[in-house]
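Here is the structure we will look at, set down as structure tokens.
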Amino acid sequence: MNARIDVRKTYKLYIGGAFPRSESGHSYEVADSKGKFVANAALASRKDARDAVVAARKAFGGWSGRTAYNRAQILYRIAEVMEDRRPQFVQATQQSEGLSAAKADKVVDEAIDRLVWYAGWADKITQVVGNANPVAGPFFNLSTPEPTGVVAVLAPQESSLLGLVSVVAPAIVTGNTVVVVSSYDRPLPAVTFSEVLATSDVPGGVVNILTGSAATIGPWLASHMDVNAIDLTGIAGETALATDLEVAAADNLKRVRRAPAAEPDWTLDPGLEPMTAFLEIKTVWHPIGV
Amino acid sequence: MGSPFEYAPAPESRSIVDIKPSYGLFVNGEFVDGHGKSFKTISPATEEVLAEVAEADEADVDAAVKAARKAYDKVWSKMPGRERAKYLYRIARIIQERSRELAVLESLDNGKPIKESRDVDVPIVAAHFFYYAGWADKLAYAMPHSAGRGSDPQPLGVAAQVIPWNFPLLMLAWKIAPALACGNTVVLKPAETTPLTALLFAEICQQADLPPGVVNIVTGAGGTGQALVSHPGVDKVAFTGSTEVGKAIARAVAGTDKKVTLELGGKAANIVFDDAPLNQAVEGIVNGIFFNQGHVCCAGSRLLVQESVAEELLAKLKRRMSTLRVGDPLDKNTDIGAINSAEQLARIRELSDIGEAEGAGRWSPECELPQHGFWFPPTLFTGVSQAHRIAREEIFGPVLSVLTFRTPSEAVEKANNTPYGLSAGVWTEKGSRILSMANQLRAGVVWANTFNKFDPTSPFGGFKESGYGREGGRHGLEAYLR
Amino acid sequence: MTATASNLDLYAEVTRSEASLRRFLHGLPGVDQVGADARAAGLGTRSIKTSAKVYALDLAIRMVDLTTLEGQDTPGKVRALASKAMRPDPADPSCPQVAAVCVYPDMVATAKETLDSSGVHVAAVATAFPSGRAALDIKLADTRDAVEAGADEIDMVIDRGAFLSGRYQQVFDEIVAVKQACARSNGESAHLKVIFETGELQTYDNVRRASWLAMMAGADFIKTSTGKVQPAATLPVTLIMLEAVRDFREQTGTMIGVKPAGGIRTAKDAIKYLVMVNEIAGPDWLDPDWFRFGASTLLNELLMQRTKMTTGRYSGPDYFTLD
């Protein structure tokens, strides 16, 4: 009797809510933590990055214009759908990061819980980082945070799921849209995550995920004049590359979340900084009179 | 047609200021000679030389940074917040006591009307120190986002601060007050054309017995600034000035741990709807573009007026512009003073000529300009479209570009259609429209039914290429804490 | 638009009905209070020195409606005031006389008698001043009485109750009727000043609406206050009214005068008003025909300052007459 041949998944990019292959037609081999071939991932090109920026820009107005409550529900929805697909994420994380089943389980717990944590911030961050300002005159004066715009995110190389969620969620929960370059060696949890996004009421273009090399795509995103900010977390420790990207980012004064010396411990309380890094404070004045 | 009511000259007395023939650098609590050449600072209203000022070279900058580091390590970072606060309160009080002297000196060196330096700049300077003084012993309450991890915000170290010539003393206050309140020490470089009030501020620091090295002032031009921001001993860079230099600074600090805030250029839209309080809108437009000769990064340099009211508004605006008094900055009745430098005047002239060449209609009221000094009449351009250079580039002078729109969405689209995002104005009596516009405008400050208002408690700073970070308010502390 | 067309004709469509009047008045651009206050305060920082101050003080004296509106007024008091009006500074013949003496209707004849052909006008407050709470025929009789007694100018009060409850037509009709009552048998007419009592109207939007209402109804002057309600005249309220007369002239060619009254006590304040007249309405209004101060104690303050300018030393109240 013939054993059943399993149907393998094609791992694709996620741009504007669709799953295209790389326009370059390139892919690269992805191995598990022991070096065994798992799949071919699409190798995103600069043109894929360009398309993703267009999609992110297009989605920005609608996403940032949604109510905070609505964004909160959508982030929570992502967590729900992830929970539903737990075994798949545990397996993917185990495979890509070489974790024990127990550890992978814990990482997935943490990733889902982090989404829930950020979901709750959607309608609270303004209250915590905004301000009513008592100016010395007859004026109403209020400062509120607003999303920076399109954020390029170089996702962590090691923590392929928890790290990814920890850089994507804080950017989008406040209304930014993102173009994410996933971990190069461990891209598959990111692709699975994109499949969750596609079924979680997240509008197309809010999150765009490119599998490929931060060193190759990063410079195009860093110098892109329609990208408002860049998160360099994914090139932790790569001082020369980080410096180059920061220099390129200066062309349109992108907000830069600098590359840390080493990849952070993702189990710690993130604090507000991952969100505030991509917020702009807007202050509105109005006279008080009769 | 002249008025029979000709205001006689009403000059503020110069005798209150005692300008020395030459000034050194203020390093470690003392005035010292610089190693570089000296340069002259002039009154832009008369081209009279006011003083010779030392130009700090790299060695001078290094000495200033070292003095600041020493003061940081040994004194200022160790001092309890409530004691730092008292120094800042002292400074605020001395500024109030010497306010007229500061105002006169500012108008002399900068060219701005005395009524602005006296009624706007200097009072806000004192208020800024007073406001941040009170934060010095309350920093743990200022940073909610570190609360979860035990809030004990710490200063950064030595702050390198480079400020522009348009509000010399006010920008100094915006930089120094929060830095010191948070426990940092500073090396500040005032602009080449307006160093004098910063040097008088150094004397105020001496009067306040501020510990040596906490505030250091190095005078000079771009080279001095470059040496300062790229000095490896600096932990924080704060810059206000052009977007071009801001980008250069962002490149210079790439790959370092230096924290940066940049407050750069703008091309603000001032949007007037047909249901606006028109007379107040006219005042807002005038204040938006002619305040401080238009040398204001957040100036409302693009007037977007709804077509249905454009003609009426322009007639009112022109009549109002005809009452603006251009001339001697020290005259208490002067509304528009001198352009700060020959270089800036040349740029304003060039862009205005381009505006004319591109087909926009140029108009200025009749006004007699003084023979000497740098002057430019209040000017507006009609028939401007978004494609014109005068609608896109920051002129930084008393030049208004007038564009029209038909619908709110067109207004938003045009207002946001710029790489800048510092400020915007909205004029309408309809409350819900104000809030909708305020939401949609991509700018750090939105003035609704008002314009060019500033307050120490109110954060100021831009979106996009207008820079990053905020100055003023609680948010202004974040730039100086970790 | 020609200056000869009557304002009633020009705005016939507007004043045709309560509804159209309301539409027009509510369609006027709003006034932002904070912005208007700031503009007035800004003009208040103008520094008027030397020759400009000399000019302004004399002009201000010429613009004074020297006023006594007390229950205790007597012919003697009014005669004294009228004498003062003609010769404000007996020590200095170069000192100009004031514009008018402002009294209650029953004192008009006395004032007129003293002032004779001096050129100083007699203004009478009529229409059940200051509250205006009387039937229209009584207000009209009050007006006619004053006009017959020789009043050159009538200062009427609007019905604030009607205005605040939105009965603009009633206010309009009353002004039109009083204006008619100002007519003299010789075909001339006393000048009509319409008092809004801005302290009761409270908002600048109301002041602007009242200004347009009165101008369309045929007012020759619009006036802030009776002096009996606080706040009386303020710089910002006068600013709103000066804007209104300026805009009205642009539309109709007709100039209307403005009179702040009550609370203007110092020469410095008076000069602030003149700066405002100069820069808001324009220099054409710098004339007693187009701008007045309703005041009593202001005059001596102006005289003291005037003496300071001519002698170079500060004067004191003992050197000026109290009438």
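All chains are identified by letter, namely A, B and C, in their written order; residue positions are counted from 1 within each chain.
We adopt the following convention: contacts are C-beta pairs under 8 Å (C-beta built on N, C-alpha and C of every residue); 3 or more make two chains touch, one makes a residue touch a chain.
A quick note: this is a predicted structure, and the numbers were derived from the prediction, not measured.
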| item | value |
| --- | --- |
| Pair sharing more residue contacts (C-beta pairs) when A-C is set against B-C | B-C |
| Chain of greatest Cα-centre distance to chain C | A |
| CA centroid of chain A to CA centroid of chain B, Å | 37 |
| Between chain A and chain C, centroid-to-centroid distance (C-alpha), Å | 69 |
| Separation of chain B from chain C, taking each centre as the mean of its C-alpha atoms, in whole Å | 44 |
| Sequence positions of chain A contacting 2 or more other chains | 139, 287 |
| Interface hub residues of chain C, defined as touching at least two other chains | 32, 34-35 |
| Multi-partner residues of chain B (each touching 2 or more other chains) | 449-450 |
| In the complex with chain C, residue positions of chain A that touch it | 138-139, 287-290 |
| For the chain C and chain B complex, residues of the former touching the latter | 29-32, 34-36, 38-39, 45-53, 55-56, 59, 243, 274-275, 278-279, 282-283, 286 |
| Chain B to chain A touching residues, read off their complex | 127, 144-146, 148-149, 243, 246-248, 250-251, 254-255, 262, 264, 419, 434, 438, 443-450, 453, 455, 457-461, 463-465, 467-468, 470, 473-475 |
| Residues of chain C touching chain A in the complex | 32-35, 37, 202-203 |
| Contact set on chain A toward chain B in their complex | 128-129, 131, 133-137, 139, 141, 143, 148-149, 228, 239-240, 242-244, 246-247, 249-253, 255, 269, 271-273, 276, 280-287 |
